[in-house]
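Alright, structures below, take your time with them.
In the two complexes that follow, subunit A is the common piece, with subunit B as its partner first and subunit C second.
Right, the complex of A and B next:
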């Protein structure tokens, strides 16, 4: 798979189809991959593709990271299913020019969440990690553990129905057959069943851990406003201190801004240093939008996001009759 | 909260009304001398589409016990589609607030036209009664968060 990817990227450079390729390279620590920018064919050897490639590379085409790529460049980008959906979103929102982009799809079987692995081995230092089909082996000083891969998959991958990019120019290997998960939101449904008091308590407990580092926003492919509402001073929407109501409103506000645009790549959750279950709110919104408007973000290049469009005769049961 | 305060407590409700329909509906209720609870504070906006969900969350945070947003009936928007866009936003906001544990009565939406003074009074009465039932807001209120 990795070999095919490297060959393909080399070919794209040789045929002058791309000036730059964004992909994943080996990270400096075990279990990490780092985004790399390749501008010549030889460097294609640095590319990797495995369970550690969790970054959503689409972010490099927007926001401040945009300075890394020039607009007139032909850019190749290696994408998983969710990254590919981000690209569709960007195309819908006129953030990229599709014709300047060569999308290289890779079949994704889910990426791991490093935090989950560390929890599994109680925070011991990992010196090396290797992956087999459905398990991984981590090794450190004085221990060697095997972990089932499903135990350390990122939350976003657990009920994923979109393992392949919906739009691509070249695909490496065979597109992965979707597992066709029917019950996509079991976690959300379980939480909905709790009573309101318990839900509130859980939320306050979870979000009081937030240190407001804004890593979730910075890493989010759908958050690309040049000025975020939390940084505005006039009006100041959110107080600067990590006060719980401000924190909750920050998260709710951010979630509403990405409502109908969130591709549930889980980048926010993996980036969170406080280990908050951030996807819980995003997934609630996605569920609501799927049920009400039958819309899933980032699948169709010709469809506007749910909150940017409307239908005259839609259900309005939440409005007083 | 003391027992005594509880008895004296009056809900404070923010009514965000669109200029073209609901605000005029409220006006009609006024000139027709229709009685309704004096618990609302009116905020006039050009259109229900102007209402950012942030307004609603900030009002709850800053001490309102409830928020009512009212606009023109579907199809009657002065700006043609403002209320349709608003409806989509509210369709997401309301379940989301409920999901995090905010009582569903606290945030309500309605369509009231300029000719529906009577209906405006009914809506305000219903919202006020609903909020009276759930009591003073404690969740999401700055400085008072309890659980």
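Right, the complex of A and C next:
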């Protein structure tokens, strides 16, 4: 698989189809891949594709004031299902020139969440890790543990129906058959069952840990405003300290701004140094949008986003009571 | 050097907590931090390095400088009891000394209170820091790059080593001397104990990677200012502030008023050079508008500017930023790349 990926990227450079390719390379820590940017054929050798490739690479097309897409350069980008969905979102929202992108799909069987691995081994220091089909082995000083991969998959991957990029120019290997999960939101249902007081309590507890580092927002491909409302100071919309009211305004504001646009990639949750379960609210909103508008973000390049279109036959009970 | 048998550790901690606000590493789920404790059971002695550094106590993320109501201004009282920090790693003990250079100015301007932060001094000046040697440095530790070592005695008031059965403690400062003098009923460390320290030290040092010389890096950095390498190393940074907020030595802050016009509080809250607004000017112009400039700033501050002003690097090699960065931007790799680059002067 990795060999085919490298060869394909090499070919793209040689045929002058791309000027730059964004993909994943080996990271500096065990269980960690890192985004890499390559601009010549021989560097294709640095590419990897495995269960550690968890970053959503689409974010690089919009980050830093869209530096990369400002020019006419042709950009190749390696994408799993959710990164591919972000590209669809970008196309629908006119953030990219589709013809300047070469989308390289890879079949995804889920990525791991390092924090889950560490939880599993009670925070011990991992010095090396290896993967097999359904297991991973982690080793450190004086221990070696096998862990079932399903126990450490990112929450975003547990009930995923879209393992392949919906739109691509080349695909490496065979697109993975979707598991056709019927109940996509079991985690959300548990949260919904709580009464409003208990829901509020869960949220205050979780978000009190937030240090307002904005890693969640900055790794999120759907959060691409040139200037986020929390960064504005004229006027200043919210306080800067991690005081719970302000923190909740930040998070709820973000939840609403990505409503119907979140591709549920889980990048936010994996990035959070405070270990907050950030996906839950995003998935609650996605579930709501699926039920009300029969819409899932980032699947169809010709479909308008749910919150940017209006149909007369939409359920309006939330307005009418 | 005195010897506190592990069987007596509980009593030792109990006594300590009667006289001091005692802070020690506490695990909280996947997180860990220095928290006030009352007994030994609350302390997690297995944590190599706490996710949150002791900085969060001395320079908290948010602190109220004063509260105001009309013309009335109220400021917080000095803490009633001095703080005692048990189990600070040598890199973190050093980080407090580095912060003291900036906040306390105790060395630069010892006689000029105008430059000394009273909030910092109220906490730091009386605090006793016990530096606990690292028997098992983590794979992300690189204190040896910036003048530290797992068994360093360069910072802290007391120094301790954990052996199989005991903690061996010796003073490093006057405060530490006075503290040890005040203890009674403890044995002195034996020759055998000292041998086991030497053994542990050797083993700990063997876990570290070969050091890169931070001083050479400092010499090199001015030449790299325009180097395209900065584009390369910053390409993947998403400009969050996870690295800075988790860093034991990042000290930038913002001051804000919260509340209404005539009643509220003035707070000091961490800020970060990775945020675009950090350098945005009133005109709207931003001298550090892109990731390239912001990453360069952070690296330059750690490895060059601080050195130029205070004579050492502002990175202690604790490795926290390496662990939390969501895109695996590893400051060690950046340092190596910069050293290898053949930048023109």
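Assume the second predicted complex is superposed on the first by the 311 of 321 C-alpha atoms of A that agree within 3 Å, B and C clash if a C-alpha of one lies under 4 Å from a C-alpha of the other, contacts with A are read in each partner's own complex, and residues count from 1 in each chain.
What we mean here is this: contacts are C-beta pairs under 8 Å (C-beta built on N, C-alpha and C of every residue); 3 or more make two chains touch, one makes a residue touch a chain.
Predicted model, so just to flag it, every value in this text is computed and none were measured.
Look at subunit A after the overlay: subunit B and subunit C fit there side by side.
In the superposed model, A:248 lies in contact with subunit B only, and not with subunit C. With both structures placed on the common chain, the touch criterion links A:131 to neither subunit B nor subunit C.
Taking the C-alpha centre of subunit A as the vertex, the lines to the centres of subunit B and subunit C open to an angle of 90 degrees, rounded to the nearest 10.
When the shared chain is aligned, subunit C comes close enough to touch A:27, but subunit B does not. In the superposition on chain A, contact of A:119 is made with subunit C only, not with subunit B. Contacts of A:314 after superposition: subunit B is touched, whereas subunit C is not reached. Legend: residue contacts after superposition of the two complexes on their common chain; A:171 is shown touching neither subunit B nor subunit C. Once the two complexes are laid over each other on the shared chain, residue contacts for A:201 go to subunit B alone; subunit C is not touched. Taking all C-alpha atoms of subunit B against all those of subunit C in the superposed arrangement, the shortest distance found is 10 Å. Note: residues 243 of subunit A belong to the subunit B contact set and to the subunit C contact set alike, using the contact criterion stated above.
Contact residues of subunit C toward subunit A in the complex are 27, 29-32, 47-48, 51, 61-62, 136, 138-140, 232, 235-236, 238-242, 244-246, 254, 256, 258, 267, 269, 271-272, 275-277, 280, 289-291, 322-324, 326-330, 332-333. On the subunit A side of its complex with subunit C, the touching residues are 27-30, 32-37, 55, 59-60, 63-65, 67, 115, 118-119, 123, 125, 127, 141, 209, 211-215, 217-219, 227, 231-233, 239-243, 267, 270-271, 273-275. Interface residues of subunit A facing subunit B in the complex, by the touch rule stated above, are 191-192, 196-204, 229, 237, 243-246, 248-249, 252-253, 255-256, 259-260, 281, 284-285, 288-289, 292-293, 306-307, 309-312, 314, 316, 318-320. Those residues of subunit B that touch subunit A in the complex are listed here as 53-54, 57-58, 61, 74-75, 81, 84-85, 87-103, 108-111, 123, 126, 139-142, 145, 147.
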